[in-house]
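Per-chain residue numbering starts at 1, and chain names A, B and C are given in the order in which the chains are listed.
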Amino acid sequence: MKRLSRLRRHRAAGPILLIFALFTIGTTFQVASAVNNDTTTTVASRSATVDEGKQLFLKGCSSCHGINAEGGQIAPSLIGVGAADVDFQVGTGRMPMADMSTQAMRKTPVYNPEQVNALATYVASLAPGPAVPTDSVLNYERDGSVAQGGQLFRTNCAMCHNFAAQGGALTQGKYAPTLMGVQPKHIYEAMITGPQSMPVFSDKTITPAEKLSIIKWIKSTEAEPQLAGSSLGRVGPVTEGLLVWTLGIGLLIGVAVWLAMKAR
Amino acid sequence: MTARERIAGNVAGYVDDRTGAAKWMKKNLTKVFPDHWSFLLGEICLYSFIILLLSGTFLTFWFDPSQREVIYDGGYQPLSGLKMSAAYASTLHISFEVRGGLLMRQIHHWAALIFMVGIVVHLLRVFFTGAFRKPREFNWIIGVGLLTLGIVEGFLGYSLPDDLLSGTGIRIAEAIIQAIPLVGSYIAFFAFGGTFPGESFIPRIYTVHVLLLPGIFLALITVHLMLVWYQKHTQFPGPGRTEKNVVGYPLMPVYMAKAGGFFFIVFGVTAFLGAVASINPIWLYGPYTPGQISAGSQPDWYMGWLDGLVRMSPPLETHAFGHTISWNILLPGLILPGLMFTGLALYPFIESWATGDKREHHLLDRPRNTPNRTAIGVMALTFTMVSLLNGGNDIIAQQFHLTINQMMWFSRIGVVVLPPIAFVITKRLCLSLQRADRDLVLHGRETGRLVRMPSGEFVEVHEPISAEKAWTLTSHEQIAPLELPLEDGAGVRNPGVLKNKLRNRISRATAVAVPKATETDRRELDGHH
Amino acid sequence: MAHEIEPIKDPGLPAHVHRRADSDPIAAQRAERQVAILFGLSAVGTLLLIYSYIFIKSNTSIFIPIIGNTGAQQLGLGMGMAIALFCIGAGAIHWAKTLMPDEEVIAQRHEFRSDDEDRSEFVKTVKAGASAAGLGRRPLIKRSLGVALGLSGLTPLLLLRDLGPLPKDNLQKTSWKPGTRLVTDPGDRPIRPEDLEVGAVAQTLPQLAPGEERTLNNIGKDAVLLIRLRPEEFNLTPERLSWTHEGIIAFSKICSHMGCAVALYEQQTKHLLCPCHQSTFDVTRAAKVIFGPAARPLPQLNITVDSEGFLVARTPFTEPIGPSFWERSS
């Protein structure tokens, strides 16, 4: 105990404890945020039928969206939203909504790809709407141009999703989510259906080819290694300022304290 | 005499033969510098300024300060074929084709951030320890000037690459200029050579950034250092330290080695940041065009508090007689910062006027012993911190799942309410710390060792503190408040009665203190035991 | 108070405590070695820098814990430089701390105030100089000098006049004219109303006449955001409603506060948000400001369709776009 109490009173004890505490918090945060990263699998299946979708719909969606998808008090009508909308909302795990918060969050999907397909087919059968883009349409590697995509992204998307597609804040707690790790199909569907706060980007104002360019740019930015050290979250000067006020000046003051300390 | 000593002697002789510097050098090579880590904060600024000159010169070799439109054909694929300004294209060239260019860009930018952090931390040290008092008021004013110019210089610097973020910054600066009553649109048109963004602004601010402002910096820093040199450094109170002496290490060789070594440390830390942490990744922002914008567009941190003030400003505009005054821009963008910097620059004079203290001071104050000043400092700091937080409210809202509206309302209310609260709390805290000092001197240090008395009572053993420590804790003076006459001898009210009343009042508030421990107190206490 | 209060006394500078290296040659040698090791490490840093410059390709990346994948050349150069410089500094400081004399020295301060004789001499000289010049006695000289100095101050202002043209009506006017088509940005394609679904937005610019070039100056004034709502969602005056076309409404994208591009459109709430200072505009009420520092709504562009069915401006903007300025009348 005596040893401990001496250690406690050592002049380095405070700083060391502080560093330890910061480290612990940092690590915990990192681990915690890593857990949140969802993984989705892509298996396309065409075997689903309208009936199968209807059964799933009655069980999982009708309590809010109504027996015939006509909408209710808390949820909009799904007649005419099309398969693309369902594929996006359910395929990214946003629907079914876990709780009635400001905005549906991306999470691990509840339904498997076949079930999502069945639901989409059912909703599409109610009234025509945007279809799920096929893989041949989605060949952005072949049909897209990165540079043009970047320009389109900065004009049409960056104001909400940030310059590097990291997401950003909207009003009243709503937000534009990060586009990192989102499937090309879902990005495409979001542009043609305008889910939640997002507006629709019509095929005449941003052509399908241009949409593929946008996807190609997002994917290239996602894959781009950090060229100059830690990217600090790619959110601009705020994290840079935070780093210089902690690590930067901290290191320098640390050395200054050592410099002014009398040698023994 | 060893050979080495002979050489050293010869060099000294050679210099003196040609300059007659022996007398001056003799005095100054043995100049004494007090040792304290906080006295190195100013050196951080000086050294990062030198790093900025070196890395900045490197960057000028390739940077093309022109807004001429070019088509990018460099190595960064995601931008190839796009139209952009030559300034942006050459910055990309420095980043991707010049080996070490990206590192130098990052070192330059990190050094700029460290320069500004250094200035602020140095300023806080000088403020809270009262180092600005007579005879150092001039140096304080020069310091405030350097801070202001540093903000401008930094802004111009990150505006040069002409990327989407910096262009947005220039757009906002243009709006502030344009909002100046009467002459705003004229100044804006002259500055930009016509309509925003034009093709003249970047070449013009380039000259200001690399020539005019660094020149002024160099001159001001030289005067700043000469004054420090001539007036000798302040020192913290302690045994053997008085207003008449300065205790520390001689320049040659100890301080030279330490200060010289510290330059390399600052450069090394800056290079480390440049190596491991990305700063201003302009290739991701894309070239500037007024029709584009990114979510979370912020300035660098030293402008962040200004941006925060602009964000929280109420939507006020006056339209009258065919003219418009935008209070929502002028108030947070020009008037408030102007008042703040003027107040900061004049603070030494305000304080000496309020306390009536016109003497020279070379011993520093411990912040707790000047509760009023410390509380004013913390109050100003709170104001700036709330503004700074609001400057990043969208990023904070996004990261911590808050709403920007909540953040904004917190700041709008907090910026008014929190500073006075901070003032009161700080003042109380200082007084408690004074009380703790008094107890420490009178009763000694708590050892954490419990002893059971014969009566069964437990007491903690207190150890008397050393004579040095006791002196350090009690050497400050406690000034009595001013009592300026409100009437002259004949019982007639002075014409300056209101002013005197105010001064008496401020002085009373300043003089509030827990009486410091004295030898007499100690003796009385001993008598009791 | 009856008796004098005795303060605590200054015990004076404490006796010097010798370091281990002062008395123990082994400790001194160890310190010397430590300094040498630091300088040696610095050399290794420079070698790393040279190696990275010559041998590492600029497109290789390397995985570093915490940082992740990062450019290897940049990291090698930077870390090499950091180690080289930091270790020189650390070595020098360690040397000074452990091996150079560490006895504190006391120097006396001099008083800044000169002695009374010099001071009164100085004051006299200044007074004599001032009266010899006779400024006080010769008001004509004083005044004319004041005028001359004041006027000469105008020179730099005058010479800076040619920095730019006068604003004239440049802040009031944009390129939009009656009948100008709205085209997509980027892409320059004209738009028909049926191209936009309800809930859709489009970033647009005025169509260029053949041979015309678009400059950033134009974009900075002309950028327009098109939004399509259900017509019944509007809450507009009849006049402003007539400026819309089949639920399509057009606003200047240049913020009325400080000129950033306002284009964060929330489809559900019909709010537009400026990312710079978070002014929020309600699209259904002609971009009325509902939050933030902006004091004016975004200017609305009066639109219709031309004979070929493309969206066009019916009139130019009826008010200046962008941030306020002194000459602005509303």
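As a working rule, a residue touches a chain if its C-beta (ideal position, glycine included) is under 8 Å from a C-beta of that chain, and two chains touch if they have at least 3 such contacts.
The shown structure was predicted, so the numbers you read here are calculated from the model rather than taken from an experiment.
**Student:** Mind having a look at which chain is the central one, using mean CA positions?
**Tutor:** C
**Student:** Find the two chains joined by the most C-beta pairs in contact, please.
**Tutor:** Greatest number of C-beta pairs in contact occurs for B-C.
**Student:** For subunit A and subunit B, what's the span in angstrom between their mean Cα positions?
**Tutor:** That gives a centre separation of 38 Å.
**Student:** Round to the nearest whole Å and give the separation of the Cα centres of subunit B and subunit C.
**Tutor:** It comes to 18 Å between the two C-alpha centres.
**Student:** Can you give the whole-Å distance between the Cα centres of subunit A and subunit C?
**Tutor:** Centre separation, subunit A to subunit C: 29 Å.
**Student:** Give me the residue numbers in subunit B that touch at least two other chains, ranges are fine.
**Tutor:** 102-103, 106, 258, 261-262, 265-266, 269, 272, 274-276, 291-297, 394, 404-405
**Student:** Where does subunit C touch two or more other chains at once, residue-wise?
**Tutor:** 67, 70-71, 74-75, 78, 89-90, 93, 97, 102, 185, 203, 261, 263-264, 275, 278, 291
**Student:** For subunit A, what residues touch not just one other chain but two or more?
**Tutor:** Each of 151, 155, 159-160, 168, 170-172, 176, 226-231, 255, 259 in subunit A touches at least two other chains.
**Student:** Flag every residue of subunit A that touches subunit C in the complex, lowest number first.
**Tutor:** Touching subunit C from subunit A are residues 148, 151-152, 155-156, 159-160, 168, 170-172, 174, 176, 194, 196-202, 204-207, 210, 225-231, 255, 258-259, 261-264.
**Student:** Within their complex, state which residues of subunit B touch subunit C.
**Tutor:** 30-32, 96, 99-100, 102-103, 106-107, 135, 168, 171-172, 174-176, 178-186, 188-198, 200, 204, 231-232, 239-240, 242-250, 253-255, 257-258, 260-269, 271-272, 274-276, 288-297, 307, 310-317, 319, 322-326, 328-329, 332, 360, 362, 393-394, 404-405, 408, 441, 467-468, 470-471, 474-475, 517-520, 522-523
**Student:** What residues on subunit B touch subunit A, complex-wise?
**Tutor:** Contacts found on subunit B: 35-41, 44, 77-82, 95, 102-103, 106, 110, 113-114, 117-118, 121, 164-165, 258, 261-262, 265-266, 269, 272-281, 283-286, 291-301, 304, 392, 394-398, 401-406, 448.
**Student:** Can you check the complex and tell me which residues of subunit C touch subunit A?
**Tutor:** Subunit C reaches subunit A through residues 17, 19-21, 61, 66-71, 74-75, 78, 89-90, 93, 97-98, 102, 184-187, 189, 191-192, 195-203, 227, 261, 263-269, 271, 273, 275, 278, 280, 291.
**Student:** Quick one: which bits of subunit A touch subunit B in the complex? Just the residue numbers, please.
**Tutor:** Listed in rising order, the residues of subunit A that touch subunit B are 5, 146-147, 150-151, 154-155, 158-164, 167-173, 175-176, 217, 220-221, 224, 226-232, 234-241, 243-245, 247-249, 251-253, 255-257, 259-260.
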